[in-house]
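Below, subunit A partners subunit B and then partners subunit C, in two separate complexes.
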Partner chain A sequence: MSESTLSRTAGPTPNAGLGDRLTRLLDVALLLLLLVVPWVAPSFWTYILALSLANAIGVLSVSVVIRYAGEVSIGQNFFIAVGAYAVAILQARLGVPFPVGVAFGTLLGCVMGLAFAWPSRKLSGVYLSVATLALGLCVPELLLHWTDITGGFEGINVKPNLVAGVPGGIQQFYVALGGFAIVVIALARFRHSRYGIALLTARHHAKAAEAFGMPLASVRLLVFALSAGIAGFGGSILAFASSTVSPNSFTFWSSVYLLVGSVVCLYSTKPSAAFFGGLFITLLPQLLSDYGELVEIIYGFTLFVVIYLFNIVLPHLQAAIRRKQARNGHG
Partner chain B sequence: MLSLIWQGAITGLLYAIASLGLVMVFKSSHMVNFAHGSMAGFCAFIVYMITSGLEWPWLVGVLAALATAVALAAIAYFAIAPLITKEGTTATIATLGLGLMLQGLILSLFGANIVNLDLPLPSWSMQVLGLRITLYELVVLGVATFIVVFLFLLIDRTRLGIAFRTVSTHAFAAEVCGLSIRRVHLFAWIASAILGVIAAVLIVPTTFLSSTTVTTFMLQAFAATVIGGFDSLPGSIIGGILVGIATNLFAFYVAPEFMNTFLLVFIFTSLTIFPGGILSRRAGGRV
Partner chain C sequence: MDMANHGAGLVAKEIKLAFGGLQVLNNVSVSFPPGVITGLIGPNGAGKTSFFNCLTGLYRPNSGDISLDGRALKGVSASRRARLGISRTFQHVALSPELSVAENVQFGLHASRKSGLADALLPLPSAWSDREESRHKAIEALSLVGLSHLADVPAGGVAPGTLRLVELARAMVGRPRVLLLDEPAAGLNSSETKDLVQTLRQIASRELVMVVVEHDMDLIMQICDVINVLNFGTLIAAGTPAEVQANPLVAEVYLGAADD
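== the complex of A and B ==
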């Protein structure tokens, strides 16, 4: 959240401390726990967890933009819709197998992200944020226009037919889990790669990064291509996991929900945190399905509380503790 | 064609007023208020509740809406204020949280129905050079002119206005000189909310009022701000009128159902042709 926590958690860490080892343990435990879910949990919960994993990928795509570029995107629903509809249309209209659809959706998302970030690559972040707002709002009207391709309001069904003979629910869950694992591992590798470090340098010392050949415009383009690619991939997985795509699942508000998920997990790209973000935004609407408007109020409130807690309250507490320690040291 | 341009310019004035609000907040506190639309929508619903629900006079409704706007702006500002000094996007994200809460509040208080809200104006019109001008349009023109003149006099002549300009030029220097940054920010936020409400109440008669219309209406205001430049008050007026005319022509000649897509393309085009706003100098606005 603040500069100091960001550099601590996102920066390259050669010597993993105790805290890092603990989170790694938590991540492994979570992964093992998730692996057995379809065999022990009722099918409803398997379904919910599959959706959570797919949404967690979307949350990661938002976190990447905030973390690496320091910008807000509220148009992720566009790239997610691109990935989801790519899979659905290719499967339903052309009979293309799911893995090809995923690859196509991811690539298309990437290209779209690049094209989207291009006009505002040199401008201050506000212009980009506003452009993402427009991008997010235009998704439903585009989907509802080409009805014979997109299926209009009802959308398209996506059959879980990856492996013949395996029940659909189990396929959906493991595809979601696998997709989530791929993104998390790819992001962890990216963070320590040449580009990842260059991006983080640009984030903290823009001038230094520019001197090393990483101008702000390239940062913007690279981050958006990466984020949109992840979003497209997440959308493809979401289409498979939820077995249907329809315009209602890709409104502007779903982008805002992804942002809420990203805030709740403190923009983290760590597996357990991102999974928690995905779970939070998937579970709450299910639990409160009878009180639709409450969900928005709770989300808005949670977003506020988390931001406050980590930007205002915790720094104050830390400062107070430090002061006390200093006083004790003198006394 | 002429009447389309005229009507577009009139709606454009309303976009301009809403856009002025966005620019006021951006100039003073360097952040985008994504709750601008939800705040204005909430206040428009207050007007609806009082005039149609309770059947009280319009003046009461408008005064209540303005009071709500001032209260909301003050609450919003004091909630956001500690975050403004934090890292870049934090405060902007917080306004989205605020917007979500208001959106939920609108839904739970007023429901998801679409309602009509007409101004208490007689349906009177006149012909000028083959152009039909309605009383509504004259009222919008009058209100917009009054607001723009008033706002510019306020910023140009008064002590508060000078403080506002100082803070927007160099916040740190302003603080060193002993100006209260918080007070200037609060002024900008309240002014912004009032501008938003006026624009929302005046735009509603041309469409209808629902929990989502004002949010989409704000996209037009955002587009106006992009073309005008986020740090230029006169730019947002030009931007508003341009957006109004362009969207009206597009809706008539091409397809009204693609409004948001058109605005996206419009934003891209204006970013390419006028990076940093139509009135920006070459050096300004860039990072």
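== the complex of A and C ==
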């Protein structure tokens, strides 16, 4: 078929890829900047940024479900708790080193994700969200039920003892940064992989995906295994970065906050955006600690503004610009 | 045509399909041999797309048998049929606007690609070679439809007519045994349709079972060796383009109606 016929109907957008290059530059600059944080910033900020990075991994686990399945999970606290308690219990009760705990926590998160996804593989929309809600609500009760293992209300302390002789705060920061880097690199690879392509096709045309070898049940299983694995990994990192695990850290509300983080970074799996999401939900409660419920109000307001701005205002503006360009073109 | 060497192709026997009280397909029996371009025509609502969906496994017929080269496909899922080499395009373009044109075409290779989840997440050498190979095949398929220059453009920014050709490239990229094309010329202008005819002739081979559903009668008459006519879910005629054109029943229910 001749190229000439089709070159009249479509062509590459001018400057296509410029935005991508700028984002990549921003990502690299951010990672370089974060690398020097423990040497230039007070320990309080090093701690806050370590928590932000760990939370950013949780945000990414939510964004994966939204971006690749078009669904919303509000039960991520379950998978995060699985990873966090895996590290804490293995270290405190059995003396297992942190890297082994992380691997186990990630794997357990994946397995739990599959265990959840299998019975709910045919659910979608609000029904799936309600199923994840049920998962999220049961976490504190489960943790308080097995007090002997989980430490009950007080939880378990996690020692930052990965490298002997290095201050705990520095270990916590670099473990969080390393964990975050691993997840964003893996997700960047995943996006262009055979499965990333399949999921993004299934999200828009489930029947087409099925006709080419990717049935909806496989989509659900893959997305939840991936998301829960990332959440389990993030939970393991969070346990190390915060030095402690307790039921209060893994309530249903922590899933809601992760969803807030995912929305404010527009469900992006790009490093700078995900970091912003993690920073937003970590820093805001710290800055507004004296104002109590104001944090929730700001979260709610931010959600509304972002949703309204990106789903109503911007599409209207874009349509208006296109109409104007079309008029000018005809004129 | 040498069916002994190339198998029996796709055979549908006495397919019945109903949605509630609505009988969509009624005892439809058609053979689609390899090396033959078969047209499937009929007025809107005749059941053509539903029949395609039965062949690809997206719909399960209430009764009847479908086989590929003698292998019964009853109970074989759409995904498994894709692995057996049944490929298709859709009446309404079914591509992901988030993916680039080349990535959309690469999805046509999903069932045959071997890379696993570890390859998807980790920088393994096997993953690089698999990605390079699938991209190379996608660019080749895009070249066949004249779109290799759009490989890296997001599909969301491509004109609807052009997307039909991207779908065709996706359906062809895995070198399928069966190629089912659902209105491939819809949305194309006359020049593009002419090019499409050339492309379809180019990809037709002795091994390929090609079935085309199309409302563009010129295209159907030009490229098809055999034409089957459906009306209200019933096969009312089958034969060469000349035979079908001469069939008074077809003229009455379809071609005649088109002339009104």
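Convention: the second predicted complex is superposed on the first by the 314 of 331 C-alpha atoms of A that agree within 3 Å, B and C clash if a C-alpha of one lies under 4 Å from a C-alpha of the other, contacts with A are read in each partner's own complex, and residues count from 1 in each chain.
Note that in this section contacts are C-beta pairs under 8 Å (C-beta built on N, C-alpha and C of every residue); 3 or more make two chains touch, one makes a residue touch a chain.
Everything quoted here is computed from the prediction, not taken from an experiment.
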{"item": "Partner chain(s) touched by A:S124 [first = subunit B, second = subunit C, both, neither]", "value": "first"}
{"item": "Which superposed partner A:S246 touches (first subunit B, second subunit C, both, neither)", "value": "neither"}
{"item": "First, second, both or neither for A:S52, with subunit B first and subunit C second", "value": "neither"}
{"item": "First (subunit B), second (subunit C), both or neither touched by A:E141", "value": "first"}
{"item": "Partner chain in contact with A:A211 - subunit B first, subunit C second, else both or neither", "value": "second"}
{"item": "Subunit B versus subunit C as contact partner of A:F301, first or second or both or neither", "value": "first"}
{"item": "Partner contacting more residues of subunit A (subunit B vs subunit C)", "value": "B"}
{"item": "Which of subunit B and subunit C A:G70 touches, first, second, both or neither", "value": "first"}
{"item": "Doubly contacted residues of subunit A, that is, touched by subunit B and again by subunit C", "value": "1-3, 6"}
{"item": "Subunit C-facing residues of subunit A, complex", "value": "1-3, 5-7, 9-13, 16, 186, 189-190, 192-198, 200-201, 203-205, 207-215, 218, 222"}
{"item": "Subunit C to subunit A touching residues, read off their complex", "value": "56-58, 77-79, 82-83, 87-88, 90, 94-99, 103-104, 106-111, 113, 115, 117, 119-123, 127, 130-131, 134, 144-150, 152-153, 157-159, 161-162, 165, 170, 191-192, 195-196, 198-199"}
{"item": "In the complex, subunit A residues that touch subunit B", "value": "1-3, 6, 66, 70-72, 74, 119-120, 122-127, 129-131, 133-135, 137-138, 141-142, 144-145, 216, 256, 259-260, 263, 292-304, 307-308, 311-312"}
{"item": "Footprint of subunit A on subunit B - complex, ascending", "value": "26, 32, 34, 79, 82-83, 86-90, 92-94, 96-105, 107-108, 216, 219, 222-223, 225-226, 230, 257-261, 263-264, 267-268, 271-272, 275-276, 285-287"}
